[in-house]
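Each of the next two complexes has chain A plus one more chain, namely chain B in the first and chain C in the second.
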Partner chain A sequence: MIEFKNVSKRYMTKTALRDVDLKLDKGKIIGLVGLNGAGKSTTMKLIAGLINPSKGSVELDGEKVTRRIASKVSYLSELDEYYSFYTVQQTIDFFATQFPDFNKEKAEEIRAYMNLDANTKVKHLSKGNRGRLKIILTLSREVPVLLMDEPLSGLDPLVRDSIVKGLITFVDTEKQLVLLSTHQIMEVEMILDEVIAIKDGELVDHRNVEELRYDEQKGILEWMSSIYE
Partner chain B sequence: MTDTFQSSQPIYLQLADRLNRQIVSGELKPGDKLPSVRETAVSSKVNPNTVQRTYRELEASGIVESRRGQGTFVTENEDILLSIREKLKQEQIQNFIQVMHDMGYQNEEIKEGLQTYLEGGARHD
Partner chain C sequence: MKAWLALVKKEFRIGLPIMLLAVVLFLVGLVIVTATTYKFGYAMDAVGIIGLAWGGGHFFFMAIYMLYSLGVERKRLHLWLHNPMHASGLLAAKLVTGTVYMIISLLIVSIAAYVGGLNFVPFSDGTWFKVGMIAFVHVVSLSIDFSIYVILAYIVFLLLVRYMPTFLSGAVVFIGWWLFAYLYFGLFSQSKFYAAITEWGKIDLGFIANSLQFDISTKEALINMQGEQLTVYAGYYIIELIIILIIYFIASWLLDKKVEV
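Up next is the complex of A and B:
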């Protein structure tokens, strides 16, 4: 469904990704791991069409990715970029006007599930609740690709847990592809189908997690320490 | 089913093992409906694809049956239930004996120990 063909990305003199070949299938939850600056966000932005490769091509369903890919890709940025004077409900309503594939009933369902008050202003939300709001907005779009850049980062364990449960409950694992980057391996260990490791801009390994356990009796953490040591 | 899984063993096998035990112990009875894939995924906090695979494996072994549009049910076939019961017993015994042998116990000692334990246990019941 998503294919990187010999993709490199340079920012000025710095190489963020080097000669990456990658194939991602639909219906999978895929983790993207690597140290800070390894190229995780760059990989996500290339799929979202927010940046273009310096070399090679990124394709979705055989079509070259451009900015218009936004109609097929829901992207959760690691930044907070919502209007602080809106309430939770107004933010949801605003998103519904921006994306024709936005499912308001689903948003309401997830909001209730996440216990997030609809009338609180975004500027008054705690960090954890802003994290929940991002999840609501990302999962409510009925698109084939969900990209989540560090959805668990900086959140307390209870919030991380509710986000992981939200993913299990609301992602359509038959139709949607989820690519999420994270440092919180423990939290996502049980929900990943595949895991991809990047190191210094290069893709070092891409594994089916259950096969990794079956073939090598290794969990993701052990596998990672063998790569990053 | 909120206990955690071992991260170094396939989750779909651990989940299948758990369900087999629930069936043998009678926690899940013949003809009972298993929770939906999504429900099991949420309650055990694992990927729905993994649960799907577990259900497929259990179906292949005959211990559960999926009925179109209705869900997955524990089999009422007694032969299959008995053979699973026997299989789990053999597995546990094998593990136990393996551990005892690894520590250097002889068969006679093991048998005696078991007998004493079981008879003692019966008295205290």
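Up next is the complex of A and C:
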């Protein structure tokens, strides 16, 4: 479904991603882990078509990824910037107009589940509530690929818990692929099917979480420790 | 189309401060000038002068509008560019809203220019309308024309800023801008080749005032109108339209394919 063919990404002298070959299939929730600056956000942006590879190619269903792949990919940025003059409801309505696959009923369901007031202006939302809004906007799209860059970052445990539960509840695991980058491994471990480790721009391992657990009797954290130490 | 119209609606909200600023600045200027000239009995002349000057200044309206609007998006490129719409559609939404706001602002200014101008410009109603329309259409179209060069410059800035500091990127674009202006307006548009491709389809506009000379003191206000028999070439407008469409295409292509978040 998603295929990286010998992909590198350089910014001037810094190499953010180096010679990455990767295949991801639909119907899975995949964790992307690594230290800060390892290349997780770069990987996400490459799949979203928001940056271009310096070398190699990224394909989605055999189609070369460009910015306009947004019709098939829902991208949650690590940034919190939204149009501050809109209310929560207006932001949802605006997204619904921009993406034909946006399910407004689902958005309303997730909004109610997340307990987010529809009439609050985005500029008045707390960081936690902006995080919830991002989840609503991302999960309400009925697209094959959901990319979530640090959806749990900087949020308190209750918000993180509601987001993880929201993922289980609102993602169609038959049809959608979720790629999730996070440092909160413990909180997402139970929902991950696969995990990918990136270190210094290189893909160091790509494992099935269940196999890791049964074959090597390792949790993701232990597995990460063995890679990074 | 529904998606684009919703985008236009959003752009109206983003660009509103620029329209309000233009109108408020004009009204403040109008009040100050009227108050200071009222006791000398030239208040209406002053209203006309400030109306004409502010109206002419609308040449820069679209450029300022686009810089502001693109500046707002720069903080949330991940949001603006994560959209299946072609970049030309994203930019067109901004151009359309900016143009609507400019026309609203220019209409307000035109009322002042007309009401005040009646005092010192001895035109018949028909001539007022004709001159007013020509000036209005030219200010609007030249402002849009100029703003498309500004869009391209801003997109080049967005490209450069990925690889060098913001100040340096701005400086490179600024220098590039003046170099381009010199090559295009200083050399190319003065060349025989440019004249050959643009000077066709002559249109006679009749006598048009093209400058006013003001001599204002505390005792009197003298205003001399100067003008000439004006002719324009359809070729000039067609060629400029083609050039601006090419620039717009390049800007859209760069935004679609090269600008990174």
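Going forward, the second predicted complex is superposed on the first by the 229 of 229 C-alpha atoms of A that agree within 3 Å, B and C clash if a C-alpha of one lies under 4 Å from a C-alpha of the other, contacts with A are read in each partner's own complex, and residues count from 1 in each chain.
As a convention for this text, a residue touches a chain if its C-beta (ideal position, glycine included) is under 8 Å from a C-beta of that chain, and two chains touch if they have at least 3 such contacts.
All of these numbers come straight from a predicted model, not from anything done at the bench.
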item	value
Which of chain B and chain C A:220 touches, first, second, both or neither	first
Which superposed partner A:228 touches (first chain B, second chain C, both, neither)	neither
Contacts of A:81 with chain B and chain C, given as first, second, both or neither	second
Touched partner set for A:97, first chain B, second chain C, both or neither	second
Partner chain in contact with A:189 - chain B first, chain C second, else both or neither	first
Chain C residues within the chain A interface of the complex	2-3, 5-7, 10, 13-14, 75-79, 81-87, 162-163, 256-258, 260-261
Residues on chain A engaged by chain C in the complex (per definition of touch)	11-12, 45, 48, 50-52, 66-71, 75, 77, 79, 81-83, 85-86, 94, 97-100
In the complex with chain B, residue positions of chain A that touch it	27-29, 164-165, 168-169, 173, 189-193, 210, 213-214, 217-222
Touching residues on chain B, where the partner in the complex is chain A	5-13, 38, 41-42, 44-50, 53
